[in-house]
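One structure coming up, written as structure tokens, with questions to follow.
By letter and in written order, the chains are A, B, C and D; residue numbering begins at 1 in each of them.
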Amino acid sequence: MGDIVVKTKIGEYLVKDGLYYTESDEWVKVEGDTITMGVTDYAQKKLRYIVNVDLPEPGTEVSAGEPIATLESVKTTADVYTPFDGEVVEVNEELIDSPDLINKDPYGAGWILKIKTSNIDTSKLLTPEKYAEKIRAAEEA
Amino acid sequence: MVREVPLLETQKKLGGNPGEFAGWLTSLDYGNPIEEHLATRNAVTVFDVSHMGRYVLKGSKVFEFLQKLVTKDLSKVKENSMSGPVLLLNEDGGIIDDNMLYRVKDDLWLAVVNAPNVESDLEWMLKWREKLGYAPSDVDIQNVTYDTVLIAVQGPKAPEVMEALGIKGFEDLKILQFLWEPEVLGKKATLVSRSGWTGEEVRSHGFEIWTTIDHGKEILLKAVEAGAKPAGLIARDSLRLEMGYLLVGSDMDESTNPIEVRYWLALTLGKTECVGCDKVQEAYEKGVSRFRVGLKLKKGVRKIPRHGDKVYAGNEVIGYVTSGGYSPLLNRAIALAYVKSSHAYIGFKVNVEVRGKLYSAKIQDPPFI
Amino acid sequence: MVREVPLLETQKKLGGNPGEFAGWLTSLDYGNPIEEHLATRNAVTVFDVSHMGRYVLKGSKVFEFLQKLVTKDLSKVKENSMSGPVLLLNEDGGIIDDNMLYRVKDDLWLAVVNAPNVESDLEWMLKWREKLGYAPSDVDIQNVTYDTVLIAVQGPKAPEVMEALGIKGFEDLKILQFLWEPEVLGKKATLVSRSGWTGEEVRSHGFEIWTTIDHGKEILLKAVEAGAKPAGLIARDSLRLEMGYLLVGSDMDESTNPIEVRYWLALTLGKTECVGCDKVQEAYEKGVSRFRVGLKLKKGVRKIPRHGDKVYAGNEVIGYVTSGGYSPLLNRAIALAYVKSSHAYIGFKVNVEVRGKLYSAKIQDPPFI
Amino acid sequence: MGDIVVKTKIGEYLVKDGLYYTESDEWVKVEGDTITMGVTDYAQKKLRYIVNVDLPEPGTEVSAGEPIATLESVKTTADVYTPFDGEVVEVNEELIDSPDLINKDPYGAGWILKIKTSNIDTSKLLTPEKYAEKIRAAEEA
């Protein structure tokens, strides 16, 4: 399949292959019983420059649908939601001093946290194709 | 209905990331609004601020007419000078908009109005022209917003860019003065003023150029070539916030009166002849129950108070935030807020609740920097 | 009963013109208080401020005791540091006095109190010592006002005088720090602090020397020999007024609470353990109906608002003046006043009535300079 | 007789010979139907440094006992009273820029104004000796 670049009237948004996506604009990478999460290129472009990230403590128990991190941008404040129950096992400490890593590299150095979870159900997530469609639909609204 | 600013394509070529603001599609940033902010404070930036409304007012009764509409005594505004902010009020003294007026001659004035009000201010002016009994020929008002552009060159190194644009005589401009129909890049522009809304007009140097679309395109490109960093509306917002400048719609609206807003800059005390002016005087004498103040969070705190966030003194809610942002110069969040007059503790500490948590903030009379 | 300050004869030799202040006979000026004021801002002056009260507090419970008496959290005051102003309150939160505390060690503190309250503050402290159940041996309080002197060397050139007085280590003092028992002119003084009440402690340099009477006489003479202009209480008053510093008795008393006074500098927010502290917190949360503000008259206006003069917004009386004076730096009259919270128009204009005439004044949050 | 220097515990005050004095500490010099007025050395020393003088317009009609000028000092504000009815014929304009002339030379360059009057009655005024006594009495009170 490969990466998808969604081109709209006001911008281009990268949707990376090999990841899952959420309705709330997070990306999810599944490795065994652990997921790595971040926000999508689309999300960071909508949020614009991020000046602060509030991260949970590793060890925190989280429930599906719950806000687990907060991004503070020059434009607005946004929560990051976990799609599954589980326990935070690692957070990206780099973001504390350089929250704009999320802008610079949303799918790479800008990852936010890792959650260990026993009930991964990827059917609740969006494929890259579905997510790209969602962006297109939102931009054309 | 979203309308593109005329220079959107040029903005994009320069790296602009478009977004919507007040019904316009224009560049909100050029990649990093913090850098754009700092470049305005430390070097020079160029903003396309064509989303602002622009009117031309002509006719023998224009001065008299405007004098009856706005909160400042315009007889003190000299030719080739801007008025500074003036307010349009409703009959209850509520704030409709703040405009900037330019006196070219007694019978030729220009106005810059806020983007959300491009159409509504015009309607309001036409309504009052009729109510006050002025003939359209005596007070002719043209909305030239869509046919012209406004380019702002801001920052301590702005003079270098003005030089590169071949503008003569800009060095002699004092704050709020303008050159009428000067040559820019060898062609006649409408005006070049020593102004802006970033604070650079007061702190160091800021100039604005009002001209035609094609001419504006050339100017924008040349300004960048001459060293100005292109900057977008997000940086413009954080710059105005550091100065404590007010954003209509967010920090003030028809439910606020100029005394509560503490918008002294836009008021001539004792002026009674404008629409709503009597209510200003009334509020001034009677006093007000709340005041706009600034909130400065602790150094390093980047939790941004947003519109509607509550302000506390101990357990008491004493007010709410109207706009907040990150100040790159102070490395902390800052905000504008209304608090009860009885709690307007300028210089002292209060708490602001941001997403359920309390943060200590000092009440300050802006500017913050 | 008027008492002479111990160095009155020395003051007279230096040109002092004595007059009465708060029960003391001391030099109010040395010929031209305006020049004394300006010399403090531009060069260096020396003041004999021995009319201020001085106490020594000794004993194992002194820290604990003081912590229960004053409005600021003293645990933040380091050894060899002064507290900055702290307030003594009555049980209703009304202001009895502002003191300056010096932490030498946990069991050794000094206090400087205002001249009118030399005896009454002591009585008050002794009363509370008893009420709070402290043994005199645990909290021993000695009034040393009449056996010691306090000399203030103020101004940007103060370091030259300190040098001439042979004081070692004064350069390293930060604001409100002091040297304990340093040598001055080869003899041991009680202390030398980086402080004053002229604003020079913040603006440039100001030092105070606490010592014995005979030693003080030598120091006063030597300071003048080294270039310090002798200055009197009138200059001291105009200097403090330019900084917006408050004079107890004039600008505040038992009928005012610290929130109205906006005496933020003297308050630790949330402190509840001192006498009257609960009332401060209560006022802070409840809000207050009036605020102390500064009034700045127009440039060149030398009509001095005096205590009790009325402040107007239009036809409304919104407050009254508590002290006024001439600011040599601003070349105009300035004043401190209380105005209704609803009319605390910081940055805007009001009128002040001086001997039947109205003068325009801008409300300002001091310092004025 | 000559000038009198009243020495008290806290200061010395010059009472000049050849002038009349008032209870309110003005001095009065009589020349024909015109009086020249100022404030005494004692008055200026009590007022201390003077920063402002408000003078009447020449031509102003004044009545005995009325305040005709105001002195603003660093310490207080004081009125100057006329002992007689009359018309202000001249004021010392120098005082506008240099109000401290009153401190420097109260009986000379610090004169305040001249009044033309038809009812001079020096019996209502104090002689230097009487005025000196008044100062002594006030200082010893």
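Note that in this section a contact is a pair of C-beta atoms (placed from the backbone, for glycine too) under 8 Å apart; a residue touches a chain by one contact, two chains touch by 3 or more.
Only a predicted model underlies this, so the values are computations on that prediction, with no experimental measurement involved.
Note on connectivity: the fewest chain-to-chain touch steps from chain A to chain C number 2.
Path length between chain A and chain D in the touching-chain graph (shortest route): 3. Chain B and chain D, compared by their mean Cα positions, are separated by 58 Å. Between the CA-based centres of chain C and chain D the separation comes to 36 Å, rounded to the whole angstrom. Averaged C-alpha coordinates give centres for chain B and chain C that are 43 Å from one another.
Among all residues of chain C, none touch two or more other chains.
For chain D, residues touching at least two other chains: there are none.
With chains as nodes and touching pairs as edges, the resulting graph is an open line. Chain pairs that touch one another: A-B, B-C, C-D. Against chain B, the residues of chain A that register as touching in their complex are 10-11, 45, 48-49, 51-52, 54, 70, 72, 74-77, 99-100, 103.
Contacts from chain B toward chain C in the complex involve residues 259, 262, 264, 267, 269, 281, 284-289, 291, 313-316, 318, 340-349, 365. Within the complex formed with chain A, the chain B residues making contact are 17-19, 25, 28-29, 32-34, 234, 237-238, 302-304, 306, 325-326, 355.
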